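Take a look at these structures.
One chain, chain A, links the two complexes that follow: it is found with chain B in the first and with chain C in the second.
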Partner chain A sequence: MTTAHGPLIGVSAPRRKNLELLAGKATYVADIGLEGQAYARVVRSSSAHARLLGVDCSDALRVPGVLDVITAADIDDIRIPIRLPFAESPEANRALQAPLARDVVRYVGEPVAVVVATDPYVAEDAAELVLVDLEEMDPVVDTATAGEPGRPRLHSSLGSNTVNQLAFRYGDIDAAFAEADIVVRRRLRVHRLAAAPMETRGLVADYDRNSGVLTLWGGAKVKHFTRSLLARVLGLEPDKVRVVEVEVGGGFGTRGEPYPEDVLIAWLARRLERPVQWIEDRWEHMVATNHAREQEHDIELAATAEGQMLGFRVRGWCDHGAYIRTQGLLPVVLPMLHMPGPYQWQAFSMDLDAVLTNRTPVGTYRGPGMTEATFVRERMVDILAAELHMDPADLRRRNLIPAESMPFVFNPGPGSSGVMPIAYQSGDFVESFDEMLAAADYHELRAGRQRARSRDGKAGVGMAVYIEFAAVGPFEEVDIICDGRGVTVRAGVGSVGQGVETALAQIAAELLGAELEDVSVEFHDTAEIPQGFGAFASRSTVLVGNAIAAAVNEIRIKSAELLGCGPDGIELHRGNATGPDGRTVPLAELGGVRGRFDKDGLTASFGGAVCSASVDPADGRVRLDRFLVAHDVGRAVNPRLLRGQLAGAASQGIGGALFEELAYDDNGQPLSVTLADYMMPTAAELTPVDLAVIEHGSPSNPLGIKGGGEAGMVGSLGAVVNAVADAIGDGADLLSSSVSPARVWRALNHQSSLDGAGRPAMET
Partner chain B sequence: MAGWLAPDESVAVNLTVNGEARQAHAPPRRTLADALREEGFTSVHLGCEHGVCGACTVLIDGAPVRSCLMLAVQGRGHAIETVESLCDGDDLGALQQAFDDNDALQCGFCTPGFLMLIEGFLRLEPEASRQQIVEAVSSNLCRCTGAVGIVQAALDFQSTRRRSP
Partner chain C sequence: MKPAPFAYAAAESLEEVLALLGEAGDDAKLLAGGQSLLPLLAYRLARPSHVIDIGAVPALDAIDERDGRLRVGALVRHAALERCELNGRWQAVREAAALIGHLPIRMRGTLGGSLAHADPAGELGVVATALDADIVLRSVRGERTVPAAEFFIAPLITAAAPDEVLVEARFTAPAGGFRSVFEEFSPRVGDFAYASVAAGCRVDADGAAHDVRIALGSVGPTPIRASAAEESLTGSALHDAAIAECARMAATACDPSAGDWHADGEYRRALVASLVERALTRLRDTP
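Showing the complex of A and B:
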């Protein structure tokens, strides 16, 4: 295909938006100030589990400037539904969250009332005066035992705190274990983490009585779902609700799902008939926005003495917090889907329970489920390698699914429940694995480790490999409008700071023979975009990119009809279609053209991370000397943006392993509610992330693209913990995905990195 | 100053922002960050409001300061600079350009704070070593990029400024 510039797909075009962001001119939701705007403050539960005996708003209502205070009694008795109904259960649907707590509060931070005032400081003052009468109940704060009989129940309509039990049986698991020379068993814990974007959540809602239109600014990610939800709960027609995206300060999976506040702020704007703004503060963010990761797994892995991995059994508990939110049971579905990974198992047996505890609800955070499962599996592979005295790389390589077995499927056998087949369409895992080791200079890393050890240093090398499932359907649509000024692409995804608009413009410009700067991509306003599913599961470039390709095919067909030739003979160049006879039709004459890409199933990509680390025995501090991410992206649309995504995700994962943790005490009180407690890594701790971008085109879509936005995260916990365990040596039994200085210090002193029921001892 | 103020009674706060005198009015408890935002300087971003993330960093008399930890009334009589002052008309200034060149931003929310932090730090310490620059950059948080590009942007800007101060 020829264009003014030659190909644009695969070129590192500069990111759009940067000028505005660097000049400080971008508009985030907190920057919106409408005429007559009022300010909301949410009153939240201070208790993890308590009967809500009453809420007294009278003092708050007397504060000058307060416009309204609402509680559950003021609004309809609704629940926020599940958006992604995978493995949905009746129990899960009985644990949905109401926008404001009714009768019982179930986590610290649960919304109980909302105060609206003419000034945000006044709203905050008045919120302090709302008296919430609570009668304490015993909280449930331990993941592995939450579902056991006799535990306090979070929801009285449920028989227990277990909301679903998934089972996956593949092959003859008893035969695999009978054949084994060695079985390793551990309980592993994945600690609670937060995406923690630098911008907290925020919303502005406005209701126009004349037109009857309710507008919500600040929705991102899944705008069309939010629109339908708001229309339903507010009793409006969907075309009377607009959800508008503004600049977003980081998404990472947590921002933009409809939360209680989306309903409340929209409802208040309609009730008060004036604009209402709510900006989450950081304390609220740490207790109100979805948490992630918290799980425990009892896992046993069977192998031969030569290092053939035969099978594994896993019994796991995945915490969903106090309520099932819009992402439904993904916190249990996704770990199951990703647990087998890239290995050729004879058999496995997985039982994963979705449980509820009195903590902030759990949702998805970049690399959801796959990061947890990869840690669990890859940690066990390293434990097995240590037992067998094998190089962990050799052990992995000999067990990878060979290229000649592709496509490959693990089909659920008898006794399975609530699961779908795990299918890998393509890829050469062994070749990709060797590319990763070569890029990391693995043998030199191992040699450096030996040199450090000969000087009594504590140095280690660790890795993790994985399969990432991404690019979920069902479909996306785009409209392409060509006019005298250029090309407009309207799509239903969202920009969450990842730069997707640049990559999509490149695809459109190349396929249309347009100048890159003449293409604009619009996705901000549901009023202008027919429909869309949103920005998650690394799907935007894959789904919308291919919908653009479909629309361009339609443009070729339409212009061929006008020119009386076949669509293949059409050349598209700078707004014109030219037939083989040289006759030309301007694309502006075609009007808007719609393209749609339907996608069944998920796209699987192979990837991995390699890490070398050293440990300071004096204080348990870990230094990463090298970190490399390898990932098969199918085809890199914009290598520079892709590298930014991979390195950024890896840095988040490194922080998660080394420093970050959302800790709770035994009463369910959160201990990480400021950025001084939830310690994210800075320039002083982070190391440059090296990248090996593998391009084995995907057969699942015409452009051959796979997901790339999350991959850098997936191997991070596993690789870092394996490297630290290798550095400590002496069979260091690191069983938590956190290798904070305190945990490393305990391991150095031969204490468990878990305590008691598997929860970590408090960091002191 | 005579007598007590009613709660949230505004007082005159004469601020000098980017060289321009502004007659602002704010209650005494208003943070400098909020007052600047109300004056239209929405490049001052609030990421935590407890002095950790540094997204609200501005320069006060040339030194980087977290404006969420200062009251607006404390800004009286001081020269305040925000990221708007770094632009060269409609063009980016050299430090902003270095950020663009080094992929030192993604979502952009932390960016104005980092720009002011580095601008202020290198004005105070023009000959800072790489290690000192890393330490200074580690005052603020970036969740998207991994911060390595930000350090490189600071180093590039330092050499640019050395060549043409």
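Showing the complex of A and C:
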């Protein structure tokens, strides 16, 4: 491609908006103050499971400044639907959440009423006066037994608390286990985590009576789905609903899904015919916004004495919390998809149940399902390596799917249900694995571990490798409008801090021969952009980037028609198309050009993480000495942004392993409702994350891009826990993805096999 | 996370504070640096009718060493304590101040606020307990001093009456080579400690320890003085075995009910033992 300025794809262009964000000039949803704006406060359940006998709003309504107090009785009996058709089941659709609790409350934090007042302080004062009459019921708080008969049922419309059962049979599992010299068995627990973005959720809704348009600010991630949902529940035409994205302080999968509050605030704005703002506080955030990760898995791994991994069986329970929200059954679907990983299994058998418990609903959090599955599988691989006295790297390498087997597919066999084939399109896992080890200087890490041990230090090295499925379709569209030298790209993406507007501008500028600063990317307002599916599954750059490429092809075809030549002979440069004969047509004459990229299936990419750690036997403190992420991104559009994404995701994962936990007591009361209890890592606790960016171009799209926004997370829990277990040494049967100081100290001083919940582990 | 309504008044003198306290009755709170009170207000865990801001009251921010005592005014910021020049006798005060929260917290938070808040994890309360501090309280009725051992009654509860203002803490330590140190374990920098230790002693020419002081934080409803552990070391040389025995005994002083889901009692006792060991080893090995 000929351009004036050389390539832009692959260049670390500065992230757009940086200065505005750093200077405090960006507009977040809490910065919006419309004339006459009122303030909402949500009254929430204080009980994990109770009959809702009544809600008395009379005292609250008498507080001066209070405009309205609503309960479920005031609104239509609606449920917030699942956004993804492949994440539904009949049972899941009977466990959807109403915007306000009806008859029963099912988790602490469930919305029961909303108070609207002229002032946010008054709203909070009045919310305390709403009397919620609850009759306690037994809560369900244990994930593995939640679906068993005899447990209290969360939803009377369901026969049990199990809302989906997935089964995947591959190969002859009995033969694989019969052939084995060794079988290791454990129950592993992935602990409950939250994305906890720096900015909590927030919304402003305004209804204009004259135009009949309802506008919602603060939507992000899946604006078009939110728009169609609001149109449906409010009885408006879709073009009478606008969802407008403003700057967001982090998304990570949780922000921007339509929650009960999105419906409630929009509904109240229309009812009151004045703007209503709701800003979630941190306590609310910790109980109201989707949680993630909580699962238990009984897993057995069969291998030969030489370290050939033959097969595995897993029986798992994936907690979905009290309701199925917009992401449906992803918390069970995605672990299943990612469990086999990059290994050449003869056979495996997976049974995963989606269960409900009386806790905050579970959704996706950066690296969803894949992080959990990778922890479970990779922890078992290390346990097997220890049993076989093998170097965990050697064990992994000999079992990786070889490059000559690509493309590769695990097809579900007889007895499978609810699952699709697991297909890897491309990659050289062994080569990438060796690249990762070389980048981490693995042999030196192992030597350093030996040196530390010879001085009685507790040092360990751990790793995790994985396959990440990303870049889900079905499609994205863009409109490209050229006007003089300027280029506007309109796309239905969401910018949740990942820098997508910068990467997309680079792609457009390079393909159009434009200057980078002349390209603007518009995505904020559903009234002005094409239909889009949103920012998740590391899909935006892949899908929209290729839609831009399609639009540019269209521009070439159109200008070639005008110039009477073939599209390949067209040179695009600073707003003009030039034919081989030197004749030129301004791109502005073409008007808006639409491009669309359709994508079937998911793009698989290989990656891993390597960690070296030491632990202090006196207090259980873990120190990370080295952490490296390797990931095959296909093609790095903006290396600096990509490295920020990988290192940021890895840091979140490290915090999840070392410090963070959403704990509940036996009554279903949440114990981590402040950032003093939900301990996110600070710069003082983190180690610089080293990166090995691998670029094996993807055959699944013309630009060759794979996902990169979540990958740094995927191996983090596995690598950290494996390194800590290695540091503790013999008998360190770490079976939880949490290695908090207390857990590490206990493992060091008791060397007993306790699972994450403190119960005795399954026998091997 | 918006405070319940309260009346606010900013006092410009101690006399005005005392007068305002007298008028407000039993339900007033004093606001100094606000680092503990404001979160309590935001969570509506505290609902005072009146908040009296003492930030502008003069002459409560002195650090003064005389007559064998370190006098620290109630409005001395943690950052000022952390940075002031103090000899090894008061080293625990500086070390404890440096471990409180994060720098922005230490720039605002005050000694008086920390002691009056009486969180059992509060570093300065532990030092005050180890160094036999007298807490000076003033009211319209006059001034009285309360020994730290009697000042802390339960979590967030002190011996101060509703009309009293904490104006000063007077730390006490023997002369003649006494030194003190502070150690704590917190999961992250700036967190509430799972366990903390303030320790001090004087080592004589024969290497024997005297005037041993050991106080523990975060392992009971108030700071705890580990008296039996102190006695076990008194007169003994600071060799490893004696230190280990003293650390073991200090751990037994922890309240058996101490602990939460982050760190249970057994773990906290182990932390106490390791912190006492570290503190005493430092007192022995640091010239």
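Convention: the second predicted complex is superposed on the first by the 748 of 764 C-alpha atoms of A that agree within 3 Å, B and C clash if a C-alpha of one lies under 4 Å from a C-alpha of the other, contacts with A are read in each partner's own complex, and residues count from 1 in each chain.
By our rule, a residue touches a chain if its C-beta (ideal position, glycine included) is under 8 Å from a C-beta of that chain, and two chains touch if they have at least 3 such contacts.
Since we're looking at a predicted model, the values are computed, not measured.
In the superposed model, A:431 makes contact with neither chain B nor chain C. After overlaying the two complexes on the shared chain, residue contacts for A:25 are found with chain B alone; chain C is out of touch.
Legend: residue contacts after superposition of the two complexes on their common chain; A:197 is shown touching chain B, with no touch to chain C. With both structures placed on the common chain, the touch criterion links A:179 to neither chain B nor chain C.
When the shared chain is aligned, chain B and chain C each come close enough to touch A:676.
Set against each other, chain B and chain C differ in how many residues of chain A they touch, and the higher count belongs to B. When the shared chain is aligned, chain B comes close enough to touch A:250, but chain C does not. Of the two partner chains, chain B and chain C are each touched by A:684. Shared-chain residue A:282: touches chain B and chain C both. In the overlay built on the shared chain, the residue A:647 is in contact with chain B alone; chain C does not reach it.
Shared interface residues of chain A (contacting chain B in one complex, chain C in the other): 121, 281-282, 676, 681-682, 684-685.
Chain B contributes residues 8, 27, 29-30, 37, 41-43, 45-50, 52-53, 55, 82-84, 87, 92, 96, 99-100, 103, 105-112, 115, 134-135, 137-148, 150-151 to its touches with chain A in the complex. Taken in their complex, chain A has these residues touching chain C: 120-121, 124-125, 128, 281-283, 618-621, 659, 663, 665, 671, 676-677, 679, 681-682, 684-685, 740-742, 745-746, 749.
Residues 1-5, 43-44, 185, 187-192, 194, 261-264, 267, 270-271, 274 of chain C touch chain A in their complex. The part of chain A that touches chain B in the complex is made up of residues 14, 17-28, 30-31, 65, 119, 121-122, 195-200, 247-252, 279, 281-282, 496-499, 640, 643-644, 647-648, 650-652, 674-676, 680-689.
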